[in-house]
């Protein structure tokens, strides 16, 4: 089995210091969390950024500063800016994270519209999806196809039919938002992918560890971090993203799977080496 | 195996006479199509209504007139107004179809938000879903839980946990809009339902007949009609909803399943007899 | 979707004239049934033979006589002798059906051991399976890998790893003997096959038609006939194998799938044209 | 989620000291291994016994001596003798393990016939299965329904239809003998069980840990031990059954599932307390 890529979703757009004081807002905090994850074994840093007061932002400048600062501490990490941003942002706002210099090698691409609780909707119309795919293709950015439900895979495959995606495609299953986060859901998603695709999975909240373990056994890759889960176990807050990455490394060791470094991760994902 | 309920989706909100001249707009046409379906074996009429020029409407008056007119020709049919309406309508507009006299015994309840192509989104926030469920519960209307993707089942189950749904629940899988319309998708959906639930399925376009046949074998119920499919076979337009219902009856006969009349359908669905 | 291959299992080793008087024993009866199936649309004749009193036999002479006689009436049919024979036969007895002249182009290869009711066991040890595969490979006979349960696919794949099978492989799911005959079982089996494999399915008894319809939708091929089922519908005995094949043709027509002739079937199966 | 029952398959009938010197043959060794597993967290001891030279036996006397000796060291453990024995034993030989005093509370019941490599067949005809079920029912022994392939669940359900099994039923999935040992296989098996059933799973060889982790997440129970696997990880022989049980406990802790003691295990399995 291929080595395991661990992606750390260190920040997210919605979790707050109130929920867990280790959630990073400032540039220094972002770097601290990225480094803790990187040191523990993460090869990919999935990145959202915030204003110093915690407000989510897709500001190009903020992304530039954060990425540059992370790069100093984690020289070969694969930094993957989010283009999802937060509920209510426009497409143009969201795309700013891909405009930094140098152009990111990897970025997320959300493949559908779904509810985010209450009156909130995370909007990604078909046109948005196809446009984002086209722009990333033009800029040479590998998209991580984020899917929250089965139909979003089907939408990604429509984009692929239009020639907007390079192969092999890479998917990310974010489970527990729209579709629940069970092993049954995960397996159905995995078996819905075209042959040759790679994939990462994450389960929200308490399902994070179940999804991580099953993903390790199934040959996928694991995303973990504050964006998706704030606890090490019931009632025990995580002290850092690195602590969470270390737990994934521990599960992988018990299940006999080695962890990939960034060079190996780029190879597995079919990306150019830096 | 239980008898087969056939639901005829005779009109929809989006198909037009340009695509198939038999699509009904006027009251007379609506009645003609309802009666053709009923005579062929449909026990449920899933109903959208239109202005005479084809514009979709959720007008209470138009629903009242159409339902009264159908009732004369199909005295015991289960008439199921849509509360989905068409893209862009407000919740209050959409709920008008449930305000007719007497109160409908059955109505659809869409369980999630998803893309409808281009820039269109079919919006059903969590709040909308829970509100619609509550209102139907208060009015004694059985909801048909319309789901376009797996996560929408999970959302329906959240409404159920809040006590907003009566048991047994009834689901409708609309396949080919968000999630694709394969037997694999269908089976996954069926196996995601709580024990004791009943369900209907429909596949858009050319998949209609595959989904119908598999549904008959799996013990579910079939929805068919112009809302979902305009063709009898490749290149051959359906002349009426009744012709489509007759084809489902024919498949059911070949597969050894009897067709339910409205009295039997009410019993299978756990509804009061009229 | 590829055209549909219909394989007629016209005789079997266990059904009797007592159960259905149309079950063939004599050479004339075998030919009559083969021809009825062929005329109705079968391109493959799956063949067991009997003594005149109905006793199952793997006699090389009897196979030779029957195949020659069928060949006269169905000149281009793909004739597929069974190497399964009947419970209790030795491997050497069973292999006689492959020793006729000319060598058959196609023959069954049972991929596991399982119960056949009461104290009966249908014995195919791993050694038997690997030996049969090797012999068929040497003789240039394409094996139809008969599997009655999931694990038998896994055993076939072990034979494949040993280099004993040519690609693409062709499987036959015989459902309702060991594993039940549900669409869920069928789908699991289909999804367990290596990419590029072709497959046929049959469901025993009353499940024959459900399995046939789902197989047509799933892109597989259908086996039907007295070996597996004696009834057209509940309580109505089939008058001939041809009547059963005709019913499969009718279902295929309703589901929009065309039926393959023997030339097309050979192409789909990757076999040389005669 | 219910607490996790860990069953230790400490000995088996086929593994040898040559493969792993810690495999127990003598009474003292059997007790040593049972105690190591019990101390580490196993509540069930799945028991085969051997002659002092390692030859598998179903001797009533040997079972009596071993069970009595284990009972002294592990007073409340659930001791579950095998009725599978080894390939080639007669039914009467195999049943001896259930004739000890006091009558065992739990014993295995193999639900089908399948290949065991080479020319070997593990024989359990339908008649054997139904007879074993009846005898256990009469003696008040709870059967663990051992299944190696999907169809064996279906056979168990036939025994259930005959009234030969008490509810809730308990199954054991032995994966990697007939059916492969993947999470996909495991999930299919789990979803094939009647509602209310409990289940244990084990994966042979290197798949043991993957199956254990997925089983913990899925709410099943884990079997582990020398019968199924001799290694802690690639190239590292296990020193004792207890070491393997401890690894399962460690995985369970990481996945947030507590381990059941024998009293809790009896309650979960619907067995009378001792």
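When the chains are written out, they are named A, B, C and D in that same order, and each has its own residue count from 1.
The rule we apply is simple: a contact is a pair of C-beta atoms (placed from the backbone, for glycine too) under 8 Å apart; a residue touches a chain by one contact, two chains touch by 3 or more.
Note that the structure is predicted; figures quoted are calculated from it, not measured.
Visitor: What rotation angle superposes the Cα atoms of subunit A onto subunit C, in degrees to the nearest 5?
Guide: It works out to 180 degrees.
Visitor: Farthest from subunit B in C-alpha centre terms, which chain would that be?
Guide: D
Visitor: I'd like the Å distance between the centres of subunit B and subunit D, where a centre is the mean of that chain's Cα atoms.
Guide: Inter-chain centre distance comes to 49 Å.
Visitor: On a C-alpha centroid basis, what's the spacing between subunit A and subunit D, in Å?
Guide: The separation of the two C-alpha centroids amounts to 41 Å.
Visitor: Rounded to a whole Å, what is the gap between the Cα centroids of subunit C and subunit D?
Guide: 37
Visitor: Touching at least two other chains at once: which residues of subunit D meet that condition?
Guide: Within subunit D, the residues that touch at least two other chains are 191.
Visitor: Testing understanding: with touching defined as stated, what is the shape of the graph linking the protein chains, line, ring, star, complete or other?
Guide: Topology of the interface graph: a ring, with each chain touching two neighbours.
Visitor: Give the pairs of chains that touch; include all such pairs.
Guide: The set of touching chain pairs is A-B, A-D, B-C, C-D.
Visitor: Give the list of subunit A residues in touch with subunit D in this complex.
Guide: 183-184, 187, 191, 206, 209-210, 213-214, 216-218, 233-234, 247, 250-251, 254-256
Visitor: What does subunit D use to touch subunit C in their complex?
Guide: Touching subunit C: residues 112-115, 117-121, 123-127, 148-152, 154-155, 177-180, 185, 188 of subunit D.
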